[in-house]
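Next come the structures, one after another.
Heads up, the next two complexes both have subunit A, just with different partners, subunit B and then subunit C.
So, the complex of A and B:
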């Protein structure tokens, strides 16, 4: 009975979706509506207008910068919410087992140690080259955050606590929204629009610098947020 | 109908993935498995929207010397980058709540939680 209900529900979702999907313009056709409105303009003018050769970055940080400002606020808020839910709320239950350090295999430890510097280098490369190659602040920040997680796994708690800078921690966690708002205000002063970037050939360098600054802010903030969330969740193990 | 679906097999695959996620959400009782299902559904939607941006034989939308049109549509990619980050944020918050439930109730099985009420 229950299984029949599940199958009925799945069919009720899948069949209309499949019919709708069959009616869409063929996959990859260049004259589909998705490609004929605003995208051609981004492709034609993006590189000169936005100061980034990578049009995806241009769209994210320049044309739709406010959208991305909201997005970095969302990840910061998520981290704040995780901290609010978990920190200081460790109810004593019978299930709290004494913290036992899991023995980590020597192979894992060695490989993480060897790869760590290269991962750092790669994440910096991805952050700084976001406007000319695939990549950007979020991607590079995630790589760095993943490295912090990998290092936390092979280290003892005291060592791992020293991985993240202690004192300006809150500032670094909020780095992404802060860098974004600072750039927005700079744009306000330079062009009269919040998040406006100077347009033109002679000021292309300024626009690129502003983009890079936002990328670095997003990278640092993203890595800190991911590492903090992981640390908070693992704190009670 | 079948021929049209064959042209859009990428989109159809996204629909199948979406249904797998939905199946996980409605049949599993473990809260973490439910959130995995939710993540699969999110992934299906992301894959679908990114797939709408594909242009046959298109290049990556990165300008520079020696790149020729046609380009892949950059807009879906940019929107989905935002979507992925928001999905990660909601997943983090959801897992935080699951940990809290585990500490408070000692179980994360939805049916056991309902009994415990």
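So, the complex of A and C:
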């Protein structure tokens, strides 16, 4: 009975959706409004007027920079949410569970240690090169965050705690929105518009530096957020 | 009066900046986080007031971030409906002041900086939501305010609070997906995300996808607004959250769904892509049902905050019914009730919070006689109760009167009847509350010994209660303020 109801409900939602989607402009068609209205301008003029050779970066950080500022704020919100709900709650259970239930295999430990410097290098490459090729702060930050998680798994809690800088930790967690807002205000001073980037040949370097600064901020902030969420959720495991 | 154009961005960037720095400021002493959050919101309030003054003077204005032209960059647009920013700032400031003592009492100290950060993020999300003119930007701000809202419900760390937050999260996630899907369809149809641009390009679009997109968006916003029968997440979440959070959630966050509906109507009416008769009929009926069912459930609640939560469902019903009527008076009444209900419900939730803070009790039975021990708080609650019933000199009356007028004007006198019927029900349960506080003998004589709420709680409550009265006396000002926006909204369909 319950299953029949669920199926009926899903059909009631799915059928109108399918009918509607069938009537949308065909996917990938060159005549679809998605390809003929706003997008051509990004493709044709993005490289010169938005300061980034990679069009995706131009859209994310420049044309629609305010959205991305909002998105990095969403990521920060997720971390604040995890901390607000979990911090200070698990202190009791931490004492009950044995410190390490299962020793980590030597092979895993060895491979993570060997690969760590290369992973760091690759994440820096992805962050800095996002300006030219696909990639950027989000992706590079995730790679670095994943490395912190991998290292946490093979280390004791005390060693793992030293992985993240203790002192300016809370500033670094907010690095992405902070870098974004700082760049936005710099743009306001240079061009008169919030999140404006200087255009033109002679100021290309300034625009590139501003974009790179945002990318680094997103990368550092992203890595810190991922590592912090992981550590908070694993506290007292 | 003109303002510096980038000021429009500041109204959301300032609280975001304040929020991400709150944990930094509060890492040594939690009280500093409270001061910092208050300073941030006071600064934001100044900006919001300048913007509202400008829109009152010269009508709507825009700013495109990054200096791009309109469909290419993100347009922020401040119209009369965006004046809700002023109420968001006002309640934000008062909730932060109120939280000062309340958070220390109700939360573990390590969580307090994150509590204020989330509160600021929630306010920033609502501010951004109400000023953006871009569909995807709307979604981004909706995520900021939703995510922070879920966490704020759970922040006290009680099991029941975590369950309530989880229920809220699941319903909220479904509504977010519905809205995002609708935005995607509108983009596929028009190639644009700018609301005005979408509206102008939607004219010749095929009917089925437009109908589904509008429907999905309305569904998503109605879940956020907690209209019956999509309200099931609301009572627990609003009743169990810390009281200042309840005031923000019940006073403001559910209104996000209403502001979203107004934006949807702006697009739909201007584009003339679809006749919205069917949607409006559904909204009128759901509104009427919400009024009656919300009031009906509220009568049976013994828990004060639970009762207030059901009363929110009832009041959202009034607003949604007013929107569905699509007549000038109905929509004006609904829009102004967004403002007035925010003030009234915040008075009541903060008042209830003060009672719970002092007595540790939260049911009408246990709180009997508390009016003698905490006269100021209970007097403020009574003012809120009279306002929400809609007795003439207070803030609730004029909006409901306008919505009833709107029902008659649109040729649906039955709905005016539902409204009056609902008001009677509401009258019953609020009279029950006031009666318990003042006239019932206390169950435990110790309740007569409790002290009046501390100043940091009492002042916000009294400010709000005063506003309930002032908004009643000066009720015509918001009505005439919002009128041009409603006339513009309804002009394409021959109303207004």
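A few remarks follow.
Assume the second predicted complex is superposed on the first by the 226 of 237 C-alpha atoms of A that agree within 3 Å, B and C clash if a C-alpha of one lies under 4 Å from a C-alpha of the other, contacts with A are read in each partner's own complex, and residues count from 1 in each chain.
Throughout what follows, contacts are C-beta pairs under 8 Å (C-beta built on N, C-alpha and C of every residue); 3 or more make two chains touch, one makes a residue touch a chain.
Bear in mind that the values here come from a model prediction, so they are computed numbers and not experimental data.
When the two complexes are overlaid on their common chain A, residue A:29 makes contact with subunit B while staying clear of subunit C.
Of the two partner chains placed by superposition, subunit B and subunit C are both touched by A:85.
In the superposition on chain A, A:114 contacts neither subunit B nor subunit C. Using the contact criterion defined above for the overlaid structures, shared-chain residue A:1 touches neither subunit B nor subunit C, since it reaches no partner. When the two complexes are overlaid on their common chain A, residue A:192 makes contact with subunit C while staying clear of subunit B.
Once chain A of one complex is fitted onto chain A of the other, the partner contacts of A:17 extend to both subunit B and subunit C. In the superposition on chain A, no contact is made by A:106 with either subunit B or subunit C.
After overlaying the two complexes on the shared chain, residue contacts for A:232 are found with subunit B alone; subunit C is out of touch. Overlap of the subunit B and subunit C interfaces on subunit A comprises residues 17, 19, 21-24, 32, 34-35, 38-39, 42, 64, 67, 71, 74, 77-78, 81, 85, 89. On subunit B, the positions that touch subunit A within their shared complex are 1, 4-5, 7-12, 14-16, 18-19, 22-23, 26-27, 51-56, 58, 60-64, 69-71, 73-78, 81-82, 84-86, 88-90, 92-93, 95-97, 99-100, 102-104, 106. On subunit A, the positions that touch subunit B within their shared complex are 6, 9-10, 13-14, 17-19, 21-24, 26-30, 32, 34-35, 38-39, 42-43, 46-47, 53-56, 58-60, 64, 67-68, 71-72, 74-75, 77-79, 81-82, 85-86, 89-91, 93-95, 132-134, 136, 138, 229, 232-233, 236.
Interface residues of subunit A, counted against subunit C in their complex, comprise 16-17, 19-25, 32-39, 41-42, 62-67, 69-71, 73-74, 76-78, 80-81, 83-85, 87-89, 170-171, 173-174, 177-178, 181, 184, 187-188, 191-197.
Residues 6, 9, 13, 16-17, 19-21, 23-24, 27, 65-68, 71-74, 76, 108-111, 114-115, 117-118, 121, 124, 128, 134, 136-137, 140-141, 143-144, 147-148, 150-152, 154-155, 157, 162, 165, 185, 187-193, 201, 206-209, 211-213, 215 of subunit C touch subunit A in their complex.
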